[in-house]
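Before anything else, here is the set of structures, which you'll find just below.
Same chain, two partners: chain A is paired with chain B first, then with chain C.
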Partner chain A sequence: MADGRSQVKRRAGARLWLSATWLGLLVLGAVFAPLIAPQDPLAQDLFGARLPPFWEAGADAAFPLGSDSLGRDVLSRIIHGARIALGVALIAGTLTCLIGSGLGLIAGYFRGWPDMVISRLVDIWMAFPPVLFAILLIAVLGTGLSSIIIAIVVIDWTRFARVIRAEAMSQGAMDYVASAQVAGRKRFSILLAEILPNVLPTIVVLLTLEMGIAVIVEAILSFVNLSISTDQPTWGSMIAEGRLSIHQAWWVLVFPLVTLFLTVLSFSQLGEGLKDHFDPVLR
Partner chain B sequence: MSFLTIENLNAEVGPAPILRDVSLSVAAGEVRGLVGESGAGKSMIGKAVLGTLPSAIEISSGRIVLEGEDLQAMRPRDRRRVIGAKAALIPQDPLTALNPSRRVGPQITDRLVDILGWTRHDAQTRALELLDEVQIPEPERVMRAYPHELSGGMRQRILIASAFAAEPRLIIADEPTTALDVTVQKQILKLIRQMQARHGTALLFVTHDLGVVSKICQSLSVLFGGKVLEDTSVGDFFARPAHPYSAALLAATPKYTDPEASLTPVPETVIEAVQAEIEAHDRRQDHV
Partner chain C sequence: MTLIRRILLRLLTMAITLFGVAVIVFFVIRVVPGNPIAMMLPPGAGEEDIARLKALYGLDKTIPEQFVIWLSGVLQGDFGTSITTRQPVLALVLSRLPATLELSVVALVIAVAIGGTLALTGTRLRGTRSEGAIDVANGMALSVPDFLWGLVLILLFGVLWPVFHISGRVSPSLDLPFVTNFYLFESVLRLRFDIWADLVAHMFMPALALAIPLAAIIAQLLKQSLKETMHLDYVTLSRTKGYGENHVITREALPNAVLPTLTLIGVQFTFLIGGTVIIERLFSYEGLGNMAIDAVINRDLPLIQGIVILFALIFSVVNLVVDLTYAALNPRLRHG
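This part shows the complex of A and B:
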């Protein structure tokens, strides 16, 4: 068929591949960090401090993206930082998605008292300022990887619950749901077999967005020193350190910042791309 | 012996009545039309029978009897089973009545396999037969298609096929031609009538189109404000409408024989009279 659909598909393809390539590289980097990273990310060398990136005068080929004020290799720290960032994105994103979507589906399809309870809970939850809430939670739970993940899940499940509830409600009003009901299907099986597949594209988009958000939240918490112990390189802590020497060594700040930016952008574009890819009408 | 009997059915949203003392019956093999303007409650009657009323609407009194079984007196689980085995729905909008993310075939066979316990192979054979019966070309290909790949008319044919799949004794058709264009409407109507006659199914046909009623129904109920104003055979209705509102409705129908004539709306006085009748009815209810 020669209509607008073929155009849509091609555009969606480009951003899907670009973002998937970037994230794929990051994942490879994170998994094989000890093999790939040119230097030990924690090794300090005060005589080799603030080496510029490779294209500037006075650069050292062993430090392609330069070194920070303690002489640690920026590239190696970014690669090792990807481990934390992607780990948090994956685990926190998935958990948030499962909890939020599950509650959203139940509220939106069954309505009645489950909806009342879940919706009021969401309303109350959303009245807390999220970053303060996260900092408060970490202060109570103590720092560490699992605290960060818990904080993200606890804060962000409402994002899924709200959107998926609305989607489930609009799908639930469709005639095909009524037909399934007339045919004598059980309500729970209608939820799984009829409604879930139609909400799935939205869930995928939200999930990838959430992964991007998880990366940002982790970076924010590292930035204010509430993440993992300081001897573990994270993008947020690199940005925090880079900020102090921005006039002497801009690269210490800029490279982790660009990496963070590209990663979050890739997550959101991956979601949009996947949605177009999975949408039966555009397929 | 009537197959479906509704007796004094009342339903409300909060304090507002939706159905007022509705009584009607459909005999086995009969086609009954349910006409009325938008908001008259005609679709709500169909939904009440099939148990798909929105949760905000509550049935306060009355009985719905399907082949001798009182649906209101049953537990929801049993009711669902009885309705699933005996009745089916041809929905209004073929565009939303098929699940967009699933192939067409399983959507027809699901019910046969999961609810009625057929083998997948039998259900598949039956679905192909039915698609052939509703005159769909290349049924094998259509079974594998997604709904968006098919036209509105094709989808409505599929929905008709799937309504007849389990040989229900009663089918409720909720304005099945409203969402289609006029040429397709005619074919679909003819198809529903053929299928109904061949299978001997009772049909409750919800519509606002008196032309459709004259072509397909044997009897009809006229609704206004959730109240049945007239319950009569189609012949009598078109020859001598008993209720002034029915007469006004008939007069308001455009005539093909005289395309130049301007349209006559239902006169204000008639509407006011009907509303007064309904208010009087509500007052009587309050006194009881």
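This part shows the complex of A and C:
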């Protein structure tokens, strides 16, 4: 078994590092976007429209990944798009995590009526298909980044609440919690000082996966033009433009698509990798 | 519990769920910040026009009264009038429903075919390098959503090697002799295989995009159950009887391993139907989901109401069918 275990470990390590590296580059790109991006992402130049990427004939070195049908630099738009993608991932992911995990911890540790109320809510939420929920919420809230973030939080908090509740419940039944209670500690301080650190690995894994979901949700909504105004560069709106001019300029679709693909894949692989990393059996 | 009682119980819970959805939809729509009346008024409309329009839509009554009127209308099939097209919502929604149902069912068939094949092949080749390759491909397929697979397919089979259509439901040049909107089904009935082929060439890409994540889930779970079943004594027995490996997997292990996968397919099928909303948009496929996004963009609230309730009804029916199939197939529930 030792051999199989080390093999699993090595594979988990590789995907952890690969996905962390990609996401790290992306974060750097987003933070330093104005410094890194070779062009202004909004600058149009109709005479320099649909320039191909650097390795093809007729390319302009100032536009390494080519330009779109309005002559805007694809690379610069991708770099600036990372700001919105990662911003939504960070804000929506964190808020969902805080609300969902908080309610899950309370329900799982205190039990009783808080658990009854929270579990009932989770059941009702789960019965409502997420797509319908999203349609309704966006229709009501209107378009825009804050609507997207609210929609993600409102729809997805149950992902955290359900799992963390179960974890907090099983931790609450352990001896160390009982001995802390016998020692006369306040229940709330036990929750924060004893239970929380033990469910934290699960929270981190769920948060990573949730960030990937947030990125794709934002991309989909900006693809269908339900996100922020069209003059802001987002990966989703770039993909929508690329989809229209696919037969004339494939690079307008391909580069943002590859970026989005790698990002979504990285978040999910990072989450899965962390899950294995925290798993005491594999460790 | 007998099957009849089970059916009645499920119908009751289905009615409660749908009522809950109706309540949520009604009240969520009523808290909309933008006044729906204001959007319908022509420029220069006076107080009198507003009052008349409010009375027409029943907006001058109290909220519970409005809900009763609205619900009784819904139960009689009156979902109101679309704000953008001025046509009855029910007719609009029903005209698009067949396209979405056909797409979903085709996607489900593809997902079962691919997922089942992968699971069986993986079991047949267990312990080899090929099994590892199947697992890795599965992991990829699982962690990337249908929207991205759709775009990848557009690039591969729409641009690089253009063999399939990547937008629309049917070529506009074709003369359609159909009386229903179930084009795919009716083209077979009428033996119009030229139209059938055109429909399939349009439908294959969006259906495959919807199918890939589900196929991966099916492959994963079915392979897992097959692996567990292969260790059971009766499988070893059939092997000692001299049956070949293929026979042992498909005839002996599969029937016992398939039940958990069937339940999962049922649950996942509702997610697949949910996925049609964005996939139809991506492939400009004229279905319910595409209409839903237009309705949201135009804030056509009556239409959104109708679409959401219809989707909820479809999900409930799928869940009901899955539950009953499971009961009919599982001997413990059948005779219990």
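Keep in mind that, in the parts below, the second predicted complex is superposed on the first by the 249 of 283 C-alpha atoms of A that agree within 3 Å, B and C clash if a C-alpha of one lies under 4 Å from a C-alpha of the other, contacts with A are read in each partner's own complex, and residues count from 1 in each chain.
Everything that follows uses one rule, which is that a contact is a pair of C-beta atoms (placed from the backbone, for glycine too) under 8 Å apart; a residue touches a chain by one contact, two chains touch by 3 or more.
Keep in mind that this is a model prediction, so the values were computed, not measured.
When both complexes are superposed on chain A, chain B and chain C sit side by side without a clash. By the touch criterion defined above, A:Asp175 reaches chain B but does not reach chain C. Looking at the shared chain after the overlay, A:Ala59 reaches neither chain B nor chain C.
Looking at the shared chain after the overlay, A:Ala139 reaches chain C, while chain B stays out of its contact range. Set side by side, chain B and chain C differ in how many residues of chain A they touch, and the one touching more is C. Once chain A of one complex is fitted onto chain A of the other, the partner contacts of A:Leu18 are absent, as it touches neither chain B nor chain C.
Shared-chain residue A:Gly112: touches chain B; no touch with chain C. In the superposition on chain A, A:Ala183 contacts chain B only, with no contact to chain C. In the superposition on chain A, A:Val264 makes contact with chain C only, while chain B stays out of contact range. With the two structures overlaid on their shared chain A, chain B and chain C come no closer than 24 Å at the level of C-alpha atoms. Annotation: chain A has no residue touching chain B in one complex and chain C in the other. The part of chain A that touches chain B in the complex is made up of residues 111-112, 174-176, 178-185, 189, 194, 197-198, 200, 280-281.
Touching chain C in their complex are the following residues of chain A: 124, 127-132, 135-140, 142, 212, 216, 219-220, 223-226, 239, 243, 246-247, 250, 253-254, 257, 260-261, 264-265, 268-269, 272.
Chain B contributes residues 47, 50-52, 55, 80-81, 83-85, 87-89, 91-93, 96-102, 107, 110-111, 114-115, 146, 148, 159, 162 to its touches with chain A in the complex.
Within the complex formed with chain A, the residues of chain C that make contact are 17, 20-21, 24-25, 28-29, 31-34, 139-140, 143-145, 147-148, 151-152, 154-155, 158-159, 270-271, 274-275, 277-278, 281-282, 292-293, 295-297, 299, 301, 304, 307-308, 311-312, 315.
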